[in-house]
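First up is the structure itself, then whatever we jot down about it.
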């Protein structure tokens, strides 16, 4: 590809920042800029770093607020949209649908996040499960963080032995580090079942039957999902683990190595020197893989802040027809993000 | 029964206190006293209440420590053992096995808690699942709090439609309120699978296949277990809920009523005026009951401090042959503890 | 006093319930009923207990919602107001000011809680610090939980050696057990200084200079306040502890006894068998009392759900002129609530 | 300085890793290697990063364990000691004293951390408070994280207006992210007073009188300390803030900017792209600075994992006489660590 695909990011929050960083790492994409509406801490940090990305204001009020905080503004969101081929929309739920008017006005492609309603997009997308469905499509919506990670594991087994059904328990972290808007103190909170993640999985993988229960927990580093999975063909625990180990976006870990829970993975990613202590891979604990009859049960960890970044890069590739197959699209993303490098060690 | 069964309690901690209170409520039992080894807060509270129960010292050192703290001591543990028909042993894991020598010396029956190893007892006991197995048996061991609550729900369905298998996810509270010995801060912790609760369920209900994963969470008010259950005979969600509602030790609740999670149940029990804010029933959220094919999935709440008290009372009844059937034994316990009264309202 | 003072409680939440229970214990008061607007868990618990208190609906919509939940309703709030001598208003902040119209309409006295703005009342009241100021006054406003507990300790020293100034750090519990509306997860939250508690203390005790900083913490069992206090006259650590020990509403505890923090006090209150695990006393850790020059520093624990109940009873006594002096008023409250009994042991 | 000072780090845990990274950033130092005893997660991360630092085994057993985990080992701790000019000892409390035998054997300087007992070193050191005392001294011990940060603020005012006394409340985070060894769940924990931090401050700054109370809280991102400080000379709030703003290792922040608490600072450091989301500066909330008479009160945030790194670099400079004055030593450290750069913006 000679010409780089020009990308803009709307919303510079938890996800938007990481999308911008992800795009900046793709050798065949160019990050034109990011847009936000308020001098948040993340925007202030962007300034303290010397404005490595151009910032556009999402509203006139926002522009004024940003300028009052001495944050350099390069124009309005509408200016940004005009300069790109595709927008990654990581604004708060519901705003994406409003921004879409702007994307349509200038005939630009856009990728929406899991918080938007499904009808904002033509295709509900997952890089590994249905890459080809997004090819050339104007508007894609990504699955949410839990569903993205879950589908990696389920799709991985599905392509090996087939999956008949899954029943999931989502042990959800309730807020991100530094999030003061949401919070839970000394309480587990139960959601009405079935969880939307189970329903979303069935939308993306209609041949699998899924249900699930979600419980919120007062922690900030990663959701844990337990999966009870009925394969079409019997598979041993060892074969299942081997299958997972081959997946670039799944990191098979063990309690014996010191991975005691979600916080161990956050610490490990910090110790790796990953920016923000982020991890793109889900983790799967090999010492939780058990069988009951043909059913397989296991636990995975979902790093909620960063897990969707690779699949968003896949989505750009699919929507812009940069690569035409799932294998090409996902492996190009992986190479630029450095995913799977560590698998070749030893 | 003319003569009351005389009961002693070894260990006046979280469980021991509640066992003592439970025995004191049984019209056909007499609490002779409790034993502990140190002037803990619970023992100090016993004194501040005016010593409603006689306290025996579990060791000579302990006696001295108690007396130095001005706690009245009525004798040694060995004295207590001689005065009772049966001991409830709620000491720390491993101590029960040592105390057993004393119980054997005086030919006294004893009930051990879930923390002891299985071989301390002749029968691994659950009031609803195998009451008759304990009849006249000298030494019974109770299931742990999670297993006790779980078996109530599984046995309840088993007697209605039969249960083929279960896969459980235990979202475990990591400490009790006021517990400074254990703790977890902003972390989920994963245990190696399968969890002992699944294995214990299979010991008590050998015809059911079970597996499970346990995740520790930093909260103090009640474990939550999600259960994926394959019944032998198909059962609708409504029928399942009706079945649960008939069980005296299961409280069917809903999110719409305001039961948002484990902490709501603790608050409700406090508002009920229950001593210590305890609840003997497990709760089952009716809005979490879902189906996937024939499989049923639902979430239950286990009030870890108090849930085993009724089954301990059942165990005394079975071991001492106070009632000869499951129905008589459990319903007598329920009547004295006031369990199920609220079911007859409206 | 021959005729009992008739009391109503508006708002049956965390504080309202405890006010109702507190009034029910006063031999010279009669609880006419409580009012609420919605079938909350507390109202549902009232029903499960068999309606020991009459419930009045605070609005027509509320009446309908309560009746739909099969909760017996004895009338409207306005009916309740007409039947009482004085109302305890424990509604959410801001509602009390609206309810006051009703109290004025029928010429009834009322006591408001700390959440209301000061101008709702004629006197900002604390049982120990300014009992006589409330005598016969129609509308009193109580200090909030932290201020109530803090003033007990400061007033106690003030009456002994005089207090020149205090600087407080409030380590605030962020939610009550079972509270899903507020929450904080793995974060401390800083408020702008000075904290309102320091300002409120100066309103009640204008001769003391006060400032303070408040930090929210993700726990539910009791605020802890550290106090740096400059006495007018030098006082030794031992004398200070002795002074605190004589105060009926201060419980002097130590780490060595096992009181390791706020959660130990909650556990102790549960083990005492106190309804809901409540405690009326603040605790003061004797092993935190230190001196720096003439300054005294110490830490106290504020059981936020129950600490204001005694001062509310004092307020009724003062407003209704049931007792004419601080000594008579507070000691009558203490006697009926059983406060200080334990001080006479050993 | 022509020849770089050769540095080794013993203990590659939370502090050791950051010390190694810090040394690697100093243009006039060379990191020879790090030593640890076990294939911890941090050591595994070092391997996954491709062994940027040489690893030495701290024991023969450790060597075997490391090799079994396929971690390349470059020799034993004793080999490392021989190759360096100075060791930074960041092993667990008590191990440093044992390692000292080795440092003495080869006549090497060493810097110990706050966990060691004071007598392990000749001087108890703080870069800003007593840099010159460490000049050429063989063994220095650093203050702990809280004391290090606290002294920055107190020393800063002391050099401006003089400080007579301080009374501190330490609201301590109980564990680091990913730490499963320690933990506290829904509880505040009180320590006996005075806190060691107050005593340590008096050791380093003997002309200041200090006392304090420490409360543990169940969070992981940064301690918060409130300081009540009596200056020798009156200083206004604005002057105090200006003084703090000039200190390179103090970051003056405000709630209005979005710094709501300790977790905001962690998030901000992650958003800055700082490795591991670390921050070398303490933060001081300008909206918490208040006065009561002449006394000043304010709150600071201590990023416990990284705050001591700069003062450790200062200690190497002082012990090895790389710079002979406090100004030269600390400003060289600051330049290499990039501290204070952001102060020159706007």
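Note that the chains take the letters A, B, C and D in the order they are written out, and that residue 1 is the start of every chain.
Quick note on the criterion: a contact is a pair of C-beta atoms (placed from the backbone, for glycine too) under 8 Å apart; a residue touches a chain by one contact, two chains touch by 3 or more.
It should be emphasised that the depicted structure is a prediction, and the values quoted were computed from it without experimental measurement.
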Original post:
Between 0 and 180 degrees, and as a multiple of 5, what angle does the rotation take that fits subunit B onto subunit D by Cα atoms?
Top reply: 180
**OP:** State the chain with the largest centre-to-centre distance from subunit C, centres being mean CA positions.
**Re:** A
Original post:
Just curious, how far off is subunit C from subunit A if you go by their C-alpha centres, in Å?
Top reply: 48
Original post:
Taking each chain's centre as the mean position of its Cα atoms, how many Å separate subunit A from subunit D?
Top reply: 35
Original post:
Can you give the whole-Å distance between the Cα centres of subunit C and subunit D?
Top reply: 42
Original post:
Do you know which subunit A residues sit against two or more other chains?
Top reply: 177-180, 185-187, 189, 218-221, 259-261, 263
**OP:** Report the residues of subunit D in contact with subunit B in the complex, numbered from low to high.
**Re:** 174-175, 177-180, 182-187, 189, 218-220
Subject >> Residue ranges of subunit A in contact with subunit D within the complex >> reply: 17, 39-42, 44-49, 69-70, 176-180, 185-186, 221, 257-261, 263-264, 266-268, 270-273, 275-277, 342, 345-346
Subject >> Partner subunit D, residues of subunit C touching it in the complex >> reply: 165, 167, 169, 171, 173, 186-194, 209-213, 215-222, 224, 226, 228, 255, 259-264, 285, 287-293, 295, 297-299
